[in-house]
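One chain, chain A, links the two complexes that follow: it is found with chain B in the first and with chain C in the second.
The block that comes next holds the complex of A and B.
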């Protein structure tokens, strides 16, 4: 197995009295596209900021390319591209000036890539940044993070102020990076549809803790809605494990369970003399069930 | 064999927001297109990249589907060329299913062979000899 690009163990953070991150242990394999999903205030931004060393953890460890997040040497930082939720563009510069400034800081700036993206994404370069729209600023900030061809690209809500066309173009660029077996993308979002397209790994964050981490396909395969229809009234305790939610009405029960396997319907049919219907859920439904 | 043409990636209908993972959708559709004769033996499949770009989905999910279909014997991989639909053999799927039934035994055999440091060639010869004996 390759050394993980990002690794944390028991990571926690407390702001004032409030725990914002709790016991997070994760590994990101090189070449993966990880989507970080959570509702507002779940701790997505806090997690990314601790991973990148912008703010210290209260407990546990975090590392990127093997280096401690909070004391990353410059050569590790250079391998990272970050698009923050609140961009740090220089208001008085034009887009062209901002791009030139960033290019001058990186010896391996990919001018051809940036020129192409400026055209494809229709990024205005001749106006001062302070007059750009939210979407235009977001595009420009993303270009700045792509120009030095980072091995790890981290995006915090990258599509929040992009229109559907711009969003699709951004996803294409992420997928371009995903084609490399060594380059890794980590992005937070609340747009579930984007995550389903480009991510192959998903982390679901709830109240500062990871409630799911792993393969997106495996998540969809393991979470199902089971409807049991029996001839007799069903017992209140069905004795089924890993239940996310349950609705019981006399002879009919509807449950959402994790840890699904093919042997389960037959087992349930035997146990309750019932008809069992199984339905797979979209990521959005799974996410909602996890917050039910 | 019919003259093979490269199908467009639009041959498939992939719905990322479905509860069925994308790779499963693709596998089911390839199977159905073969069953219905829309994909004939020798027909080329669109590349992983073409499909991933057409639907803006992660290429690993597409290559996972192609890889699993290859394992099932439905697709053939060619160096530097598009994958093709494998020649139809009536016992194709049956063979894959039968092989899967001895998978656990093969796994334990492989484990034992590794521990004993047995060369693959010798082990293969041994299996061939045993299977010949019992015929």
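The block that comes next holds the complex of A and C.
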């Protein structure tokens, strides 16, 4: 088995008095495309920044390619491409100057790839960055992270300012990168459709803690909406485990449960003498239920 | 009415800098009052210690006036430029009224202080009388603020000159000196001129379209380079990221031009002194000492702001350069020193030229030069410790105290052959020595802090415009 690209154990971070990350333990295998999902303020950016060594962990450990995140050596950093949520472009330069600047910092710079992406994504390189639109800046920031062909590409809400066409092009590029078994993509978003389109792994973050991590298909299969329709009024406490949300109206109950398995409907039918209907949810519905 | 009051607060107590200066000014006035009531013989006007205490107590008040007027001018303009404010009915009228109300309140407060603590009025309507003081302060503050609105005007050179001249005149203004002695017009004339200026400003302001924010006007308009280089060296790229500018010269250009114009403005005011005091029996000669001192002082301020910028930009290189935090500090420090040399050498040469060729009252430039040469590294390391996007307030205060100390020491100098080099007693030399030691200690602290930088904590605010913070 390959060593994980990113690994954390009991990772915690406190900013001021507020805990922003709590007990996070994760492993990212090479070749994965991991989507990090969470609502605003859930801790997505904090997690990525701690993983990349911008910020020390308050507790626990974090490593990238086996090196401690906070003191990563140069050869590990060279394998990382990062698109921060707020771009770090130099306002007074043109796009071309900014790209040239970045190219000079890396021993290998894939000029052909960048030229192709500049054409495909229609990035204006002759204008100063300070006059570019939000979407154009985001595209340029993404190009800067791709030019040195990183083994780990980390994107913090990469599509937030992009129009639908540009978003689709960016996601297609991420999919191309993901075709290589050694390259890994980790991106945060609150656009669920993007995540469904490209990610094969998903982490759902709520109030600084990971409430779900694993395969996207497994998540979709394990979280279901169960509707129980009984002949008699149902008890207030149904005694069902792993319930995310529950609505109870006399003889009818609607629950969203995790850890679903095929034997559960029959068990519920036996227990309540009721009809049980099971419905699979979209990722967006799962996300909303988890935050209900 | 609430909008008018909120706008009025913008001018003197809205930002942290204003509140700090306000507290410092009040403390210094209280200390002055206490000092003047002491029965130690030193509170007699003939004592040199009395003169020193007068100077020390007035400096924070002047600092407050200058900092407040300058920052509130920018804040007012920024709030005016917000589209959300523009869309509020009658918002411009409220803002203009707030500007006037703030000056009325400030003048009332200063009048109370001056009438209580200041000298007796020489004339019924003079400085020290209720009406005279109120009209002088109201007139000067309102005129200064209306003039400062030029900062976002169409011409940057004209804006800078207006700002420099306003600052220079404010620097000349002594709260406890009679303005009529300083050549100001009568209080009635000043107040009427201010009201007329405000009315003209309010009429234009209420009827004008969207107003550009200060940042947009100050943004460099010329293209930096006509060609797009296909490659650059690694070292140049790292320096560019650290500075946020493609060249050290460009990074230094804005503070250099600001200080140069400020010093030039001060020089013009000093040069005009003989014409300003023509009504007096004894016409003071032109004196360029303070302009020369300011030239030496500029490098500390510029190196502080550039080093702060470098510290904030360091985040961009954490992954890109591959450097450790320790190596990044070494790079940042080297670059900050290069910036200090770049701005320091021309300013010291300009000061030397001023001391040599222009008339001045102070006899020995060596001691203040030693103070300012040692305060500059303090500014540099204080800047390297400032990872946040706000101004370096602790250094700003420290800088003001030390710089005023240098000016006062220079003023106390005598052309006495028995005194050692610099025309000051030997004990005075402890100040530059102490400053050098402080710089060394700050370097050590900076080194340690950089090893633990938490860039997540020092991220740039999501909305970087001053306007958003101003209306929060």
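Following the convention adopted for this analysis, the second predicted complex is superposed on the first by the 292 of 292 C-alpha atoms of A that agree within 3 Å, B and C clash if a C-alpha of one lies under 4 Å from a C-alpha of the other, contacts with A are read in each partner's own complex, and residues count from 1 in each chain.
Everything that follows uses one rule, which is that contacts are C-beta pairs under 8 Å (C-beta built on N, C-alpha and C of every residue); 3 or more make two chains touch, one makes a residue touch a chain.
In this text, all values refer to a predicted model and were calculated from it rather than measured experimentally.
**Q** After the overlay on chain A, what do you see for chain B versus chain C, clash or fit?
**A** Aligned through their shared chain, the two binders fit side by side on chain A.
**Q** In the overlaid three-chain picture, which partner chain does A:220 touch, first (chain B) or second (chain C), both, or neither?
**A** A:220 sits against chain B, while chain C stays out of touch.
**Q** Just chain B (first), just chain C (second), both, or neither: which does A:196 touch?
**A** Only chain B; A:196 stays clear of chain C.
**Q** Could you look at A:171 and tell me whether it touches chain B, chain C, both or neither (first, second, both, neither)?
**A** first
**Q** Could you tell me if A:3 is touching chain B, chain C, both of them or neither one (first, second, both, neither)?
**A** The answer is neither, since A:3 touches no partner chain.
**Q** So after the superposition, what angle do chain B and chain C open up at chain A's Cα centre, nearest 10 degrees?
**A** 160
**Q** Is the number of chain A residues in contact higher for chain B or for chain C?
**A** C
**Q** Would you check which partner chain A:56 touches, where first means chain B only, second means chain C only, and both and neither mean what they say?
**A** second
**Q** One more residue to check, A:284. First (chain B), second (chain C), both or neither?
**A** Once the two structures are laid over each other on A, A:284 reaches chain B alone.
**Q** Least CA distance chain B-chain C after superposition, rounded to whole Å?
**A** 28
**Q** If you look only at chain A, which of its residues touch chain B in the complex?
**A** It is residues 33, 168, 171-172, 175, 178-179, 192-193, 196-200, 216-217, 220-221, 279-285 of chain A that touch chain B.
**Q** Looking at the complex, which residues from chain B come into contact with chain A?
**A** Answer in residue numbers: 16-24, 49, 52-53, 55-61, 64.
**Q** Sort out for me which residues of chain C touch chain A in the complex.
**A** 219-220, 223-225, 228-234, 236-238, 240-241, 244-246, 250, 315-316, 318-324, 452, 454-457, 459-460, 462
**Q** Please give the residue numbers of chain A that touch chain C in the complex, ascending.
**A** 13, 15, 45-46, 49-50, 52-56, 71, 73-75, 77-78, 80, 82, 86, 88, 90-94, 96-97, 100-105, 125-126, 128, 130
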